[in-house]
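Order as written gives the chain letters A, B and C; numbering starts at 1 within each chain.
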Amino acid sequence: MEQLGKLLIQMIISGVMMGFVFSLIAMGLTIIWGVMNIINFAHGEFLMIGMFFSFFFFKYVSIDPLFSLPMVAVLLFIIGFITYHLLIKKVLQGPVLAQLVVTFGLSIFLVNLAVFLWSADYRMIENPIASGKISLAGIAVSIPELVASIGSMIIGAAVYWFIKRTKTGMAIQAISMDKDAAAIMGINTDRLNAVSFAVGVMCVGVAGALLSNFYYVFPEVGSFFGVIAFATVALGGFGSIEGAMIAGVIVGLAEIVGGFLLAPAYKYAIVFAIYLAVVLIKPTGLKGW
Amino acid sequence: MQSILQVSGLTKKFGGLTANDDITFEVNRGEIVSIIGPNGAGKTTFFNCLTGFQRITSGSVIFEGRRIDQLSAPAIAKLGLVRTFQIVQTFAGMSVAENVIIGALMHTRNVEAARKRAADVLAFTGLSSKKDVLGKNLTIADKKRLEIARALASDPKLLLLDECVAGLNPNEVKEAVELLKRIIGAGITLLIVEHVMEVIMPISSRVVVLDSGKKIAEGRPQEIAADERVIKAYLGDRYDA
Amino acid sequence: MIEKRTEISERRRTMFKVKERVFSVLVFTVVICLCAVSLSLGQEKVVKIGAIYPLTGNLASTAMSSKRGLELAADIVNNYYDLDIPFARTKGIPGLNGAQVKIIIGDSRGDPKVGMGEAERLIKSEGCVGLVGAYQSSVTKTASQVAERYGVPFLNSDSSSYALTARGFKWYFRLCPSNETWAQNLVSFIKQVEKEKKATIKTLVILHEDTEWGASSADMQKKYFTQAGYKVLDVIAYPAGATDVNSEVLRVMKAKPDILVMNNYITDGILYTRTFKTLNYNPQHFLTWCGCSEPGYIPAVGKDGNYFFSYSEFAPELAQKRAVVKQIMELYKKKYGENINENTVRAIPAVLLMVDAINRAKSTDPAKMHKALMETDIPADQLISPWAGIKFDPKTHQNIYARYVIVQILNQAYKCVWPPELASAKYVWPWPEWNKR
């Protein structure tokens, strides 16, 4: 009994830690969806790019992922901005199908580009500053995971502050809730689209950089995180930042605790079941409007 | 009196349907002009054309001496021509205060200043007690009130209200009229679309009547109420001025 | 109205364009086919063997290794090489007037449907006398159905799903071991450990990713370990490509088995290694299958990969025991400038056996080749694979001498530890605990 209690605490800690990373990834996706009504299928691939940048900073210029984080954030912001202007902007006025296809195509393109440039190999950052673990009364906390979750929390909070407390952020929120009403409040959608896309890409890129401390880096790494991010956003409510934050933690917990109590094979099915349950009671997700 | 808005020959076609047909009139600073007309007369379309939500087919719109019919909706709003929607569009996931702050942010980057201005507007519109309620949780009456508050916070020079008392009960209508009177008292120029005659007749300085997209009459409320064509097209025997 | 008409004519025009294009593609294909036919009529003494591999897609680099194996085998047959292996010191196939062998490759893209189409093409349009391939069990399954339908031999030396031989096909032969063989090999190894290390091993947990491959491998392991008197405490399936495996490991820890038997890919393999270490999980030992043997595993986990047991289908140690293995390894290195790998080694025997069957049958007549294949009995010393020979079960057509070798990662290198006659290092048992290393 005591052992089971320990296992549970262990799981809750691990689940919450992973959950914060999921939250940050989902925040990026939900901002992009909210503002542009575009499902960014390439979201996971931007995570992959963040991971690779972090890996290259470590490998070629010996900068630890923790210190290269701001640079990775800036680079991903720029990449997001450019992607918006080269690609997304062109299809926003077009048919919905074009919007679906463009991010889907981008995702395939980025994976293949990564395979071409960097090969399909698995890479790992060896002995980053954040490594090892803390053991307390039989509970193990992996330091890189802890760092990733605290990092995600900090960046998540910063983005949250930006969205809630700055003029640009509030305008982004306004657009995602009602585009017409935003227009009569003088909010220029075109300009903010680019900013939102860049911020969304930056969020997921930073999550990638944090993950690279303990997760292997390879071109297809984004696909699975991408799928989880969609479930998280749907659970939290499309477009809702708070929803994404809360849902991330729920998904992290459900995956680990649910996987343990029922069966690991069904852990993602459990996440999905929770989503269905929430949507049945509240069709807009936890925090949607 | 100085004119703030000059509409000339405004025409809007949707395929074969002419929703606004060669409409010409002016609004002077400080005036309260009402637009009336039966359902489908083209009133909302007219507002959409003025505020940049729809491109006009021909004609011109001049606001404060500047041609605005080719500008985007946000650009027109920034010039001080702000509207409300017939079907309310508040920011559902934001609190009442945040909704109004968005309006107040139109002319400042300073969120704190906007918050102060929002507090003033909330007090002015009687929404202070509900400032933390989410937009989606308000009653229809309060949503309409919030839309007006949000528009007021942006400090408009000309405010366009599209049926701001439709769907309210008599008590709520009375409150809404009170609010309108306070807005007029504050010296804001108004262009109102409304069906409820009891509301517009006492406050309007002029009334414009649309029918099937055409302007069929224009004049002081009493003149309009007596106009044969208007009575035939719209009023019937419902209202006796 | 005018708009509409232009739209329609526009559509008609694009439709016409599409038709035109389809037509020109057709013409082109017919011309190519005619050329191919006339070419093949011109050269009589060429025997074509079709090979199906996932040359594009995420297994492309693996398939590249296989392709080199095929080329190398054909080269050995066609030209003179001073190697201790049949067909090396002759040119072409002696039993067929020195006919040359040509490998025609079809790209399956890893897709069972595409693989099926390619099999059809190789047999029907290319006139291949037999097929080899197709790497993924799922593709082998469909491609060998086509071979079965047309009645040409399909020699498979790199798909492990036990279900393939269970179908009882007439024309399908598997040279390589299956996941059933792996389960049997593991049980033999554990029996040996019990004897040599005086270890008490009674219980195990089987962990597997939840695709067909992982599930069927786990089934086999459960069957053979249970038959041998071990207690399977739990069989845990988990989603392939999971982002986190805490719940899986915690479940295993709760069950407390003596050994943990794993069926995983490289990505989850890396994740498990990290999680075992973080949670300080130390059973008597880990037996893994696949993931830890992939080339990327050791570079990714470094020292933490030490001591895991895994499998291999190639033991470089064989070089010390069989001259031919050493010779081929050197030849390969000279030709391609890198060390031969498992996937290359796996591809070679299928081609050589096909040639051997034609040679013995003195014909490419399918019935005669079939008879020759059924009579195959090649001793171990003619092989570069660590199998004990090649001889097919008369019913299932599984090579009954096929086996895996068990390796242990020691000092970040794979060392063969089983079967005993190939072992090149002493294995470490029990598992050294994480915090005592």
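The criterion applied here is as follows: a residue touches a chain if its C-beta (ideal position, glycine included) is under 8 Å from a C-beta of that chain, and two chains touch if they have at least 3 such contacts.
Computed from a predicted model, the values in this text were never measured in an experiment.
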item: Centre-most chain [mean C-alpha coordinates]; value: A
item: Chain at maximum distance from chain C, centres defined as averaged CA atoms; value: B
item: Rounded Å distance, chain A centre to chain C centre (Cα mean); value: 37
item: Interchain centroid distance [CA atoms averaged], chain A/chain B, Å; value: 42
item: Chain B and chain C: spacing of chain centres that average the CA atoms, whole Å; value: 74
item: Sites on chain A at which at least two other chains make contact; value: none
item: Contact footprint of chain B on chain A as seen in their complex; value: 165-167, 170-171, 173-174, 177-178, 180-189, 239-240, 287-289
item: Chain C - residues contacting chain A, complex; value: 58, 60-61, 210, 236-239, 241-248, 250-251, 253-254, 266-267, 270-271, 274, 278-280, 296-297, 299-302
item: Contact set on chain B toward chain A in their complex; value: 51-53, 72-75, 77-78, 82-83, 85, 89-94, 98, 101-103, 105-106, 108-109, 111, 114, 134-136, 150-151, 154
item: Residue numbers on chain A that touch chain C, as the complex places them; value: 3-4, 7, 10-11, 14-15, 18, 115, 119-124, 126, 133, 135, 140, 142, 145, 214-216, 218, 220, 223-225, 228, 255-260, 263-265, 267-268
